[in-house]
Amino acid sequence: MTDRDARTDIFARLQHSASGLSNNDILREQWALGSAPAPALPGSDLHEAFLTNVLKNQGTVDCAAGRVGTVKAIAAHLYANYRKHRLVASNDQRLAALPWRDGGLLPRFGSVEANEQVALSYARLGVAELGAVVTFTGKANPAANNLLPEQHVVLVDAADVVAASEQAWERIAALTEAEERPRGINFIAGPSSTADIEGQLVYGAHGPKAWHVILVGDLPDSILQQARANAGVQT
Amino acid sequence: MEQTSRNFLGNAHTALGDEARAERRDLLALFQPIMRQSAVDDFAAHEATRAHVKKVRQHTLDNLAYYLARYEEQATHNGNHVHFARDAAQMNSIVLDICQRHDAQRIAKGKSMVTEETGLNEHLARAGLDVRETDLGEYIVQQAGETPSHIVGPALHKSADEIRELFLEKHDLGERDLLETSDMVAEARQVLREHFLTADVGIIGANALIAENGYSMLVTNEGNGDLCANLPSVLIVCATIDRILPRAEDATAMLRLLVRSATGQPQTCYTSFYSGPRRAPDPDGPLETHIVLLDNERSDILDSGYREILACIRCGACLTHCPIYAGVGGHAYGSVYSGPMGSVLTPLLTSLEESAALPNACTSCGRCAEICPADIPLPDLLRDLRSEEREQRLSPLRWRFGLKMHAWLAAQPALYRLLTGLGIRALHRLARGRGRFRRLPLAGGWSSQRDFPAPQQKTFMQLYRERDRHDG
Amino acid sequence: MSERSAAQGKASGRPLVALFATCLVDLFRPSVGFASLTLLQRAGCEVVVPPEQTCCGQPAYNNGDRAAIIALAKQTIAMLEPADYVVIPSGSCAGMLSEHYPRLFDGEWHDRALAVASKTFELTSFLRDIAPLPTPEKLHPPSGKVAYHDSCAGLREMQVREQPRALLKSTCGVEVVELQQRDVCCGFGGTFCAKMPEISAKMADDKLKDAASTGATILTGGDLGCLMSLAGRAQRTGQNLEMRHVAELLVGDQDTPPVGGAD
């Protein structure tokens, strides 16, 4: 039996058990399904909820305002944790436009190579419900930069944070109308982890061992503290 | 894998005799439900989401031909080669053919129960390919020459000590002690990273196939599936036709149930949607992508009384919550899928004759149905399978006969009263006041493991009638 | 159930309760049947014991004998129809009547099964939720700690959870000690325990271990099947734990030997 024969055969079998609705009726029924109930968000504010859930997913978080502030936040994180000032930045125009010297950082733009430890991405979206950032694979963010470095640092604009997956898909649909459909849409919600040996949680199974999210925008000073309190994380 | 479900009781006996593993299973059976419950409690909308997703799945299965065609059209538009396979052998040969056309030697594989179902690894290995599982749990069982004991946690039956020994033996990396779990994880990372970077073909499964845009959803915590999907120049996605969902939002709604039920997490680390091959300006990603859509009995199941099992999202919660699974472990089932969902699916995918023991490995306690995020009435489906087993005369004759006699007698109240009255009086005398029997004819199953409580002097109905007559 | 007894109940103005004792109680432990009878009368019910009762048919049902179960179910439904309520000292058999009987039929019999299902209760939930058991003089509490074993069908099909505990507290002053894994099956499972005795024994051992670690000396519960299976296993492995049906504790019957105990 060839692929094509299999296709014919499978569709014939499926027709047998099908509801018999017309395509229009199927779509009408699909429309009537509506969306899943909206998940509750921790805290009272969208950004606070996003940061809380990133923390719950074992990420670390920071907030920054303005381009200089953003560079300084990246630099502070790299220096404090790894004593580093080199990193690989994806070819995102927003990253290219940052005043790197203000943070004393030395970025290389492109895809992460062997032995390069820190990669920086600029996310398309943040999803508060999931505590996730969303990247598209492509020139502006090679897939390798999400997966191969030891540390992944991700910026996301406060204006790009949405409440739940449903809103994320609406935004993605709007973004991809302008562009081609991206090859990959990646929801990232934590450092790579495994519990496959006796259920013990270990980070850095295959991908990054650490995941740091910087929320960029004018945000209240207390938001980080509040998010940490919500997530039960010590400062 | 070779199915050994016929020997379920023998397998179970062996498993129960291994005390260290039994103890680990007991611990998992205690903690995993607690973790799931806490995740579900934190997620206030669990029940409402469960009802919503159930409606969506029902609608999709009712109109699967439509959605499958729509998915095929969109996936093709996205640049994929879409293949259809009626059975395991056909899927395996399609995959091997793709690998051979690219002169592939090294294959990096993400976790996929479908490929376990078809025995893809053995098929590719027989043709001389180096197939490496990359999910840590799958990698461990592959190195040990075993099969997964759980659909989500494949190697949880092994101790850290066993895994340490295994790595020391299999990895030629010189003197080292691998004391900590994190050392072992780091070693597997190092070994598999090398494989990822040199693999010719990546093979992954899919948690959902989205009809409206032709994307497939891949959910992992390790990120291994993403490495398989992004690094090699050829990507093959293997999935069964029942993974189709209409809309992207349906996949993420289902995900809310999946992660909490599977691991008790609020969200998995990597949830990725892949549409096809690398676009012109892309710096990385596969150059060629294939989707293999496997039927393997699904179209028949859809047309049967068991269609609800197709709504299963493979979270593994029914395994973790089943006291029988906890008692004997996944391998005892002697099949790819174990626990309640496996006991339903295995007879449908193979044969009831080979799998007749599995639907009987159930006390109808209902715990699986209570927690199943897809709301599948697993104990009812298992009961239906037992019914078929009876009709096909696969159950032991003495059982069929005994139960038939009992039911027949119970439908003749006067005769039932007479015979049970005589029987109970005799049994009471036989117990000679000891209150129990160590052995009892016709109750060999019971009395092999337990004493049999002796009846009080007469039946309730006799005593009641005597009292009634006396009072009246 | 005869027209005469139905008429008697109606005449008295009290709710007419049909006591369905279950086959296990009928054959092995009449004391549970009498305890149930007494409790229902104390709760102000007119109780009849339909003489045609045999078995609800679970063994045949769970082993897939459709023809047999349909005959038995019809017999049972017809027998119970005249009563205002059907009360059963077993979550499992009550679950059979209220959850599973209606699924066996279409049409007229489906409606009749539903009507019976809607008035069927497990004993302790009936005494707590429908016809509250008055608490006259406090009974002499049993000596030793009491643990309660929730049967799966009671828990999941009949929503029996707090009712027996509340009754034990109000009538005997017993504060039930709780097992760690209250919602896990004890391994009885009807014919399961005879088909897969070794696995069933493992599950019983887990339950007994859980009960022992509470320090309880009495394990009570609402389902005689579970208790017989656990008692048999405890005796085989030499564990000292008395099993008594909750109805027996609630009437203060401490003279009857525990399940499987010597006369």
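The letters A, B and C name the chains in turn, as written, and every chain counts its residues from 1.
Here is the rule we go by: a contact is a pair of C-beta atoms (placed from the backbone, for glycine too) under 8 Å apart; a residue touches a chain by one contact, two chains touch by 3 or more.
In this text the structure is predicted, and so the values were computed from the model without any measurement.
Colleague: Please identify each chain that touches chain A as well as chain B.
Modeller: none
Colleague: Computing the C-alpha centre of each chain, which chain sits at the greatest distance from chain A?
Modeller: Here the answer is chain C, farthest from chain A.
Colleague: Which integer distance in Å separates the CA centroid of chain A from that of chain B?
Modeller: About 30 Å separates the centre of chain A from that of chain B.
Colleague: What's the distance between the Cα centroids of chain B and chain C, rounded to whole Å?
Modeller: 33
Colleague: Based only on mean CA positions, could you tell me how far chain A sits from chain C in angstrom?
Modeller: 54
Colleague: By residue number and range, which residues of chain C touch two or more other chains?
Modeller: Within chain C, no residue touches at least two other chains.
Colleague: Find every residue in chain B that makes contact with two or more other chains and list them.
Modeller: If we look for residues of chain B contacting two or more partner chains, we find none.
Colleague: Can you list every residue of chain A that touches 2 or more other chains, as numbers and ranges?
Modeller: Residues of chain A never touch two or more of the other chains.
Colleague: Touching residues of chain C toward chain B in the complex: what are they?
Modeller: So the residues of chain C in touch with chain B come to 21, 23, 25-34, 37, 49, 51-55, 57, 59-66, 68-69, 71-72, 75, 152-153, 156-157, 180-181, 183-185, 187-204, 206, 228-229, 231-233, 235-236, 256-257, 259-263.
Colleague: Spell out the part of chain B that touches chain A in their complex, as residue ranges.
Modeller: Within the complex, chain B touches chain A at residues 24, 28, 31, 43-45, 48-49, 52-53, 55-56, 59, 62-66, 68-69, 78, 83-86, 90, 94, 134-137, 140, 153-156, 158-160, 163, 181-182, 184-186, 188-189, 192-193, 196-197, 213, 215, 221-224, 226-227, 229-231, 241, 246-249, 252-253, 255-256, 263, 266-279, 281-285, 293, 295, 299-300, 302-303, 307.
Colleague: Going by the contact rule set out above, which residues of chain A touch chain B in the complex?
Modeller: For this pair, the touching residues of chain A are 1, 3-4, 6-7, 9-11, 13-19, 21, 23, 26, 29-30, 33-40, 53, 56-57, 91, 110-111, 114, 130-132, 137-139, 142-144, 146-147, 165-166, 168-169, 172, 180-200, 202, 204-208.
Colleague: If we count contacts the way the header does, which residues on chain B are in touch with chain C in the complex?
Modeller: Result: residues 9, 12-13, 16, 22, 26, 29-30, 323-324, 327-328, 360-367, 370, 383-391, 395, 399-400, 403-404, 406-411, 413, 416-417, 420, 424, 433-436, 438, 443-446, 448-456, 458-461, 463-465 of chain B touch chain C.
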